[in-house]
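Labels run A, B, C, D, E and F following the written order; every chain starts at residue 1.
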Amino acid sequence: MNNKKIAVFAGTFDPITTGHEDILIRALPLFDKIIIAIGVNIEKKTMFPLDKRIKWIKDTFAKEDKIEVDTYSCLLVDYCKEKNAKYILRGIRNNKDFEYEENIAQINKELNKEIETIFFLTNKEYSSISSSAIREIVSFKGDVKKFIPKQVNLL
Amino acid sequence: MNNKKIAVFAGTFDPITTGHEDILIRALPLFDKIIIAIGVNIEKKTMFPLDKRIKWIKDTFAKEDKIEVDTYSCLLVDYCKEKNAKYILRGIRNNKDFEYEENIAQINKELNKEIETIFFLTNKEYSSISSSAIREIVSFKGDVKKFIPKQVNLL
Amino acid sequence: MNNKKIAVFAGTFDPITTGHEDILIRALPLFDKIIIAIGVNIEKKTMFPLDKRIKWIKDTFAKEDKIEVDTYSCLLVDYCKEKNAKYILRGIRNNKDFEYEENIAQINKELNKEIETIFFLTNKEYSSISSSAIREIVSFKGDVKKFIPKQVNLL
Amino acid sequence: MNNKKIAVFAGTFDPITTGHEDILIRALPLFDKIIIAIGVNIEKKTMFPLDKRIKWIKDTFAKEDKIEVDTYSCLLVDYCKEKNAKYILRGIRNNKDFEYEENIAQINKELNKEIETIFFLTNKEYSSISSSAIREIVSFKGDVKKFIPKQVNLL
Amino acid sequence: MNNKKIAVFAGTFDPITTGHEDILIRALPLFDKIIIAIGVNIEKKTMFPLDKRIKWIKDTFAKEDKIEVDTYSCLLVDYCKEKNAKYILRGIRNNKDFEYEENIAQINKELNKEIETIFFLTNKEYSSISSSAIREIVSFKGDVKKFIPKQVNLL
Amino acid sequence: MNNKKIAVFAGTFDPITTGHEDILIRALPLFDKIIIAIGVNIEKKTMFPLDKRIKWIKDTFAKEDKIEVDTYSCLLVDYCKEKNAKYILRGIRNNKDFEYEENIAQINKELNKEIETIFFLTNKEYSSISSSAIREIVSFKGDVKKFIPKQVNLL
């Protein structure tokens, strides 16, 4: 049981994007379980409420038994330890993401050296979009359908 | 009339800098018209009021018939379409700008593939300054005369 | 006649890629003429002979009256001047390209400040490939058809 | 007296990190005096009060005669001039820091060309941490002891 | 049998470094087998002969049953397919590595979309060294012991 | 005598550029002596012979008592130790330089932790040029006068 390969894919998912979906689907075969962990931080305002963000993730991966959805509000490495997850899964879209992720991964390594961060590159067709870009487009009444999983309806 | 080469140069211009001026003057021969479009966003606080920002741009380019000043408050690609502008003009000062601009340009491409983003490099003598740096210097009572077009008087 | 907007798109084109093709097609409406200029440098070994490289470019743009093919073996800014071209057209695929191109563009500016370098971003679907990658794949007998214009037959 | 080599090491130090300590200790032999200058900006909220931040720095460098602690609330180059400091000392942890620091250094050069910015690279063992990362870990009740000088007790 | 998680870790290993060793040891629990594949290219000169490079790798991982050593001289994705390996394992030391690796990974994706590239960050203590740096130090008679696995003796 | 602040500024200087000159002049007040050390490597072909490269440096700094010119053909940190130099002086022109320099500095730190690398940013007016760019321009008969110190005559 200890040997189960469990990964945590953390984020705010405000909302989930096709980029998130792409990384998860591609990483899934490598793990026995991936926990999508929504960081809950009272001070950080989101555009979409937590229950909707959870529902959209659940809808997106309804058919994937190995994917779970959860929330956390502590240090990510502490959450991983609690869940017996040895891996943090991250997607990287570009250079700027890499610079950010590299720093976070190194700090996590210093906080708990047992936990490894694994990186996948977002496929090019999904690499420009981000949750924040989607929120901006939504705020201007733009159409974001192509940027979110087809199971998600933001309205 | 459809064949007119119209570019949009969008920003907050809080305030206009010599860097903006440099890009516009150099790009002007390539286009029949460049619209300087000030993004108006109620939530985004600016240091200088809209009317002053418009006036400073108009003063800077008073002699340039091909430059117009306007405001917009929608998705930039939608504004371009409305104005029959096929080009978004952007200046790049450095690597960090590039990473940001590349992402925006790719999203704009996905939103409307008819509109092309064209990049000029800011000439070195103007490449360190930005509107935000000017605002910071102003807030400390520093002298910013060399960073803004000579037609502009911030006081 | 002086006012004609002429751009030079320089390279080795060993061989031409879909990335080159993409930039040229998208940039064409902005100019009255684009000269594809193959840098000829005796010391630089190429995989494909000059006559083939020229033929492939000509085949690719057979229907584009505004595109010319030529060779040059001097400083690019001197070639531009000779051709009365005020613009150097460059495609940028990623951050690494940008760092390289920025440096070249600044040097060209110092050599001749009359000539502007204009940048387009390579569309994502063509942004991973380069002539050197194609050569490597060819050397391993891999299939490069999807990376070169459909008018080109490397065999 | 004018020939004294004085450097200013400016920041918010909210709180001081082992990274700051590392740069200062390594740079000290090069200068006759280093002033650690805490930028005081009423609008910028800090996690730790000014008096504590000062005390922690003083405790860290209690044995270093050549290090002084001070506060400032003006343009950094003006503060340097007032203190007769010809050098701004900066640590760089990574690429992202460099991009930021390069821009600031160039602006400072334009504001006062007499003042030079000198860069040291943070040693690798201290290069992931930052004051903001420490604050985030603290906010989640994580242990930051290894990231701050041993003379500092955040509690 | 098809479901075995096999990764290929390709390189020239001229010579193997502590950085390579670090990535392999950390990635090993995630896979059922990792094949260390030495690219053999007649045109590329190496400092150390192939048999020594193989021996050093074998010595380094003598106790790891899940690690195999092999050579290949074709496209990496074709080699992976032949070996039934669905994963390419890569270590990233810094930004520059990332830019290079991102490009290769995208091309590999276009050549064979079944094969995923997985990235680990080299731990900081091993992140400055590379085989090429080791070769340079060796050429100047410097001591490289700390940069290579302890089972390796370059003499 | 041990306390003398000696820096080494190493390179190939093929040829010396205004960028080199700029860094040296600005760094000079910080040190008691700067040794310009030309790396001599039989395998590396240069455009200009060693005696000319030395002469040009000497001519450029004829009036600077604190600058010496020398050659070396060993590890740079070993040369520094031999010369009792505690500092390696480096100029950085841009991001790409930084990535390269950061790596070298970290390796040097591992080879000899007593020696510090100090970085200056090249001033913007000299930041595009490099020795290799000068050589390319020279090879095309271009004029490089503005890129080299006025005391240097390449002919």
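In this section, contacts are C-beta pairs under 8 Å (C-beta built on N, C-alpha and C of every residue); 3 or more make two chains touch, one makes a residue touch a chain.
Values in this document were obtained by computation on a predicted structure and should not be read as measured data.
Quick check on the contact network: minimum steps from chain A to chain D?
Contact-graph shortest path, chain A to chain D, evaluates to 1.
If I rank A-B and A-E by number of C-beta contact pairs, which comes first?
A-E
At the place where copies chain B and chain F touch, is the share of residue numbers found on both sides over half (same) or under half (different)?
same
Of all the other chains, whose mean CA position lies farthest from chain B?
E
Please identify which chain has its centre, taken as the mean of its CA atoms, farthest from the centre of chain C.
Between chain C and every other chain, the largest centroid distance is to D.
Measuring from the mean C-alpha position of chain B to the mean C-alpha position of chain E, what distance in angstrom results?
Taking the average C-alpha coordinate of chain B and of chain E, the gap between them is 47 Å.
Just curious, how far off is chain F from chain C if you go by their C-alpha centres, in Å?
Their C-alpha centroids are separated by 35 Å.
For chain B versus chain C, what separation do you get between their C-alpha means, in angstrom?
Computed value for the inter-centroid distance: 29 Å.
Would you please write down the residue numbers of chain D that are in contact with two or more other chains?
Residue numbers touching two or more other chains: 94-95, 99, 102, 106, 109, 124, 127-128.
All pairs of touching chains?
A-B, A-C, A-D, A-E, B-C, B-D, B-F, C-E, C-F, D-E, D-F, E-F
Spell out the residues on chain F that touch chain C in their complex, using ranges where they run on.
My answer: residues 94-96, 127-130, 133, 137, 140-142, 146-147.
Would you pull the chain B residues touching chain A in the complex into a rising list?
It comes out as residues 74-75, 78, 99-100, 102-103, 106-107, 109-111.
In their shared complex, at which residues does chain E touch chain D?
The contact residues of chain E facing chain D are 94-95, 124-125, 127-128.
Using the touch rule from the top, collect the residues of chain C that touch chain B in their complex.
So the residues of chain C touching chain B come out as 5, 26, 29-30, 86-87, 92, 94-95, 98-99, 102, 105-106, 109, 116-121, 123-124.
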